[in-house]
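This structure is in structure tokens; I'll ask about it shortly.
Order as written gives the chain letters A, B, C and D; numbering starts at 1 within each chain.
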Amino acid sequence: METTNGSLNRKLRMALCGGGQGSFIGRVHATAAVLDNRAALVAGALSSNPEKAKASAPAYDISEERAYGSYDEMVEKEMKLPEGERIDFVSVATPNHTHFPIAKCALEAGINVICDKPMTFDFAQAEEMVAAVEKSGAVFAVSHNYTGYPLVRQAREMILSGELGEIQAIRSNYIQGWLRTKLEDSDQKQAAWRTDPSKSGAAGAFGDIGTHAYNLGRYMTGLFPEEVSCHLKSMVEGRALDDYGHAVIRMENGGLMTVTASQISHGRENDLFIEVDGTKKALQWKQENPNEMIVRENGQPHKIYTRDPNAPFMTPLAASSCRLPAGHPEAFFEAFANVYRFAYDAMVLRAEGKEFEKKDTIYPNVYDGAEGMYFIQQCVASSKENGAWLPMKYEKARR
Amino acid sequence: METTNGSLNRKLRMALCGGGQGSFIGRVHATAAVLDNRAALVAGALSSNPEKAKASAPAYDISEERAYGSYDEMVEKEMKLPEGERIDFVSVATPNHTHFPIAKCALEAGINVICDKPMTFDFAQAEEMVAAVEKSGAVFAVSHNYTGYPLVRQAREMILSGELGEIQAIRSNYIQGWLRTKLEDSDQKQAAWRTDPSKSGAAGAFGDIGTHAYNLGRYMTGLFPEEVSCHLKSMVEGRALDDYGHAVIRMENGGLMTVTASQISHGRENDLFIEVDGTKKALQWKQENPNEMIVRENGQPHKIYTRDPNAPFMTPLAASSCRLPAGHPEAFFEAFANVYRFAYDAMVLRAEGKEFEKKDTIYPNVYDGAEGMYFIQQCVASSKENGAWLPMKYEKARR
Amino acid sequence: METTNGSLNRKLRMALCGGGQGSFIGRVHATAAVLDNRAALVAGALSSNPEKAKASAPAYDISEERAYGSYDEMVEKEMKLPEGERIDFVSVATPNHTHFPIAKCALEAGINVICDKPMTFDFAQAEEMVAAVEKSGAVFAVSHNYTGYPLVRQAREMILSGELGEIQAIRSNYIQGWLRTKLEDSDQKQAAWRTDPSKSGAAGAFGDIGTHAYNLGRYMTGLFPEEVSCHLKSMVEGRALDDYGHAVIRMENGGLMTVTASQISHGRENDLFIEVDGTKKALQWKQENPNEMIVRENGQPHKIYTRDPNAPFMTPLAASSCRLPAGHPEAFFEAFANVYRFAYDAMVLRAEGKEFEKKDTIYPNVYDGAEGMYFIQQCVASSKENGAWLPMKYEKARR
Amino acid sequence: METTNGSLNRKLRMALCGGGQGSFIGRVHATAAVLDNRAALVAGALSSNPEKAKASAPAYDISEERAYGSYDEMVEKEMKLPEGERIDFVSVATPNHTHFPIAKCALEAGINVICDKPMTFDFAQAEEMVAAVEKSGAVFAVSHNYTGYPLVRQAREMILSGELGEIQAIRSNYIQGWLRTKLEDSDQKQAAWRTDPSKSGAAGAFGDIGTHAYNLGRYMTGLFPEEVSCHLKSMVEGRALDDYGHAVIRMENGGLMTVTASQISHGRENDLFIEVDGTKKALQWKQENPNEMIVRENGQPHKIYTRDPNAPFMTPLAASSCRLPAGHPEAFFEAFANVYRFAYDAMVLRAEGKEFEKKDTIYPNVYDGAEGMYFIQQCVASSKENGAWLPMKYEKARR
């Protein structure tokens, strides 16, 4: 487990946007970012409400003077600090509609960004974000955190190496139950903004978790989409956004991908489950039991790959994404931290003035984020047109 | 476990069509039919090849004189036997294209029929079959055998009683891998006819197993369909029929059902898996582990219902569909036999000149079979029209 | 699936002892015995109460004249029938204390016997049974039915072939919950005799299910025991026999086997679970999910062997113990029937005057049954002596 | 998730002993200790080799001046620092034989201690440790980290509240495979000291993991032991300590506990599995799948309790031991951190001069550690005496 940042020889300095009281994902970012002792949280704009922002700082051990009332104040003041003190990156963990202005502000100041997903409010913003990242030369990662699980990376590398043969079918489902009732009518902060089109964007379940399921299928397989037919539903009466949805995606190679997202399935917690069928082998993985993956081949015993950094079957990347030996389960925080960890490698290279990969990154990048926004846009549009087939090729998407 | 047939006080006499060497499902019928000691296999037309038909008889302990060379010969000669000797019912376990002529011949002679699925070659034949059954007054069951599992019946009764609330989503998948290679090019009898449009009908995977998945969703929930959009694929190059398919079905009540059928998923055996989401509870069941079902409700521990005939939570029908106490696993044969068992009840009533239920039967009936054929027809048509929405309301379908 | 009996060319004729109303295992024998169409139930002494015996006959389709009032009457009268009509074998499915007199009576008439387990009331009787079998030359099988599961046989053959290396540890547990309350005080027939020392013998849980767990370990591994230390408890107050017990067994090769049997574990159904550790590989199998077995080897993905008669990894015996393809689950009845099926092979050989294997049989034989009785005797004695080490070597036991 | 330390209003300052290159558990302590942002690692004596100790400091971000060459140097120099700078506690993550001198040195200086398990080299040392802790008034926790899992605490509270009734049986197994080969003959640091009696103590597998399994049974149930009979084996030829062992423990209330520990079971990773049978309910939990626990009751569906801090069924302590909502799996690090977190509460109270609980603590304390050493001592002794029953009552053990 690395703890320094190579020849940089210091911790990276982090600022957090969002994470005030009632927040869920802000705390996750803060915990994941420092798990490997490579970064320290030193500044924050923890709420859009300046008073709340400052009041939340002690809980993160952020000093009073660096607990800012707004993100633009933060960027402005941090940039005036000596180079050896100012922040290296901003983590954006706010409701969706504010991701873009915050990230853009940081990028324009040359600050690296780790941005929550969905990356922006809509696809137009996403395209602007791509331009802003390209212009800035900064490191930009999107927290499609499920890509951080060691066995997800193992699956990706097995597939990209051709071990599964040609991929012909992907079934990626993300099933939850927490919005089974109209929670947004109560005071639940999470439910309130996630079901509000003015904060969440054009999609509900499909924006919040459908994108994860889609991203996982894309990240694991590298398969490229061609067109999509989608069906979104608001199963809970009076809800403004979809809480159940299903997309059929024709892939460029003739394969078929299906994506289901639900927030209304009783008792289902965070059940992201993917199956991939290749001509040579098939595999499946389930987020709630992330330390194992099943690989099947006709005529052979089914194989359970466990997360085992010492096993000969693990790829070097997957092994290096582990922190504990087999049987000592790793989970959500560690996977989240793996998005950070590999973005840190790029940040260190950048800080040292070196080249770093921008498109075919291990972590999800701005192109992945933009593709996710395109997916949402086309799904919502297809659903409105009775499931019409709409194009899904985003030219800048990674292949 | 009942063994007599009530006041009838004798075993029912069975004839088998199909089941000659290389057959799979014929032997299953023969075994399931006698499991409860309520029937005896006394006659057969075991192959379309008369010589093979006769040669196969000893393996079923069918006497030489009742081993017929063809089904029409069988029906004709059996009807000439004294009433106390002649067959009560015919089980049709032949390739799909011959189901209809065989069943029709039996029905016209007033003989009860247990027919394999898909029920006919096409929907037009299915409608003729409905008419033939209605005219005959005979008992007619279709071997949608998965409805015979005790926990499937438990699920059905829990749902119909309203325990799960309004059903809003059904995901029913049937995943296999055995046709991953082009097995039909070798000498494999099963693969040969199941991938041949002239014997199997218009659909491959969707006819063979997609119908089971659809039927299971309909049987469990009673939810009525409105329209279907379907995507069928032949993933194995050169295959004449679909080996992978996916249907989205809008239900009359606004709910959404999705059906996936695959024959090309490496290592997958016979993985029929269904999830049902209601407003009050959700449940899931998996054919390969049929003795348990999971029921979930937000805020409650998840509940594993095991097949336990002595448990207070089992419905009377589900309990009476068991033969063994909990923990003594029951499986495929027993479920298959449960289709027979409950059809026998009707046959006994008929033999005694009494009324018996014809539509809302415990076992799958001719209307279910016809609905399955309509499903195949509309799926194939929708797929040909690029996934166009086509109507799925079959007026005679059970509600 | 064979259905004839080779050159014998007729069904074997079966008589059933036990199986009257309220019986559980009698019906299981009757169903399993005919599953493969190789035998017919033609006679019975279904209860120790002659009236009940005769009244129970119709439920088994046994004719009035062959529904006998007692087992000795049955043996006597059957032996007077012409050779072509009289029974070939008797299945003994009565409470434990009557196994011996019934089996002995049949053996002395030269009739083959399938006997329930535990084989006798005590070990002294078991030794007499061995003598009686040896003298008779008849086929004798004991219904340690769990040996009939295809994957148990697969495990046995993999182990005996050396694939797992030297076996060093066996953990075999059989956990139930049905006697958690003092059911014997109510009218439950099963509980009544199984907790009654005068009918069940010296042990309760250890006699009823501990023997199964022990037998499974012995059958799977072929490892030979040296000595045993045992601890039996009656957890339910006032119960006459043990309902929980644990034995530690030192094996001849230095390995260690532990056996736990419980009837008082809430909600546990019929949970027979075994783990075997070898120097090269380890495996585990669970009766309640009998169609899969896990095989592990350091540094390799864990392997799930499913019951798949067509898979290259299945041994010929294990494959021939299947009736259905993979994914079509087989279960309790089929395993039970596999004890019968392989005993039938021996009966056919005997009927044809040929030699047949008597010690190293596929089915559990009289030596296995006797070893089980020795196990019970030594466990009870050890427990009474505070867990003292007592010898476990039974000289006639199979190696 | 709390991040401050209440009115103390500062992070606690931590020193680490052990954790140099090749160490496994040192890094785990360092990561777990700071997970909740309540402590900072500021000093260390990272190796018994002074040069290696200093060389390892950067990897922990420990400044050069506080990277000490030995634990006594560290304690001496830290105590000379101003009160507002010096360490609050020492984490001892060294091989077993050095736990005691290090901890004693710290305790005598009044420094709190988090000590790895087994707590000492032998039971005599453990008794001295108890005296040292009692004399010091310091907080002392032992890293029986599995007690930190939220569902383990949930189980404990359900059991202590009487929900399971009287506990009659506990089966606690800890199965690993990593020492299947004689790894100590290679250069593997972990294997080397853990199989060396001069560093590990009198027991191998039983000291390393058997104590965890025993502690888990004791912690979950509160049941008190009476006597033990134990069987230890060195399955790998030439190994100095046991690598497989089994203990039978008679509990004071008449219940029976069995403990199995293995390091030689192929492919088994870190499989700590416990089953508890009560008169009213039974439960089971498995460390490798720690976010669920199964609770069973005769006649009821089995219940899967998932780690869900928002569910009404969770006890307040178990809920407060969670950091993430249900379905976002938590694992090894979080459980480990929960030992720290609750010890921190006591440290804060102590720092503020307040009373804190010393015996019935949420975290494992010195009495638990001492009981573990007594368990090891009696197991080793019993095994040497052929499994003789030896007393297991440790008078200071918690009840």
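Methods note: a residue touches a chain if its C-beta (ideal position, glycine included) is under 8 Å from a C-beta of that chain, and two chains touch if they have at least 3 such contacts.
Protein names from UniProt, one per chain: A, B, C, D = Putative oxidoreductase YdgJ.
Note that this is a predicted model, so its numbers are computed, not measured.
Relative to the C-alpha centre of chain C (Putative oxidoreductase YdgJ), the farthest chain centre belongs to A.
Between A-D and B-D, more contacting C-beta pairs join the chains of A-D. Chain geometry summary: the mean Cα position of chain C (Putative oxidoreductase YdgJ) and that of chain D (Putative oxidoreductase YdgJ) are 44 Å apart.
As a whole-number value, the distance joining the C-alpha centres of chain B (Putative oxidoreductase YdgJ) and chain D (Putative oxidoreductase YdgJ) reads 56 Å. Computed from the mean C-alpha positions, the centre of chain A (Putative oxidoreductase YdgJ) lies at a distance of 35 Å from the centre of chain D (Putative oxidoreductase YdgJ). Each of the following residues of chain C (Putative oxidoreductase YdgJ) touches two or more other chains: 268, 300, 302, 306. Taken in their complex, chain C (Putative oxidoreductase YdgJ) has these residues touching chain D (Putative oxidoreductase YdgJ): 168-169, 171, 173, 175, 177-178, 180-181, 229, 231, 233, 235, 244, 246, 248, 254, 256, 258, 260, 262, 264-268, 275, 277-282, 296-298, 300, 302, 386-387, 389.
On chain D (Putative oxidoreductase YdgJ), the positions that touch chain A (Putative oxidoreductase YdgJ) within their shared complex are 1-4, 11, 24, 27-28, 30-31, 34-35, 37, 58-61, 176, 268-271, 287-291, 306, 308, 323-334. Residues 294-295, 299-306, 311-313 of chain B (Putative oxidoreductase YdgJ) are the ones touching chain D (Putative oxidoreductase YdgJ) in the complex.
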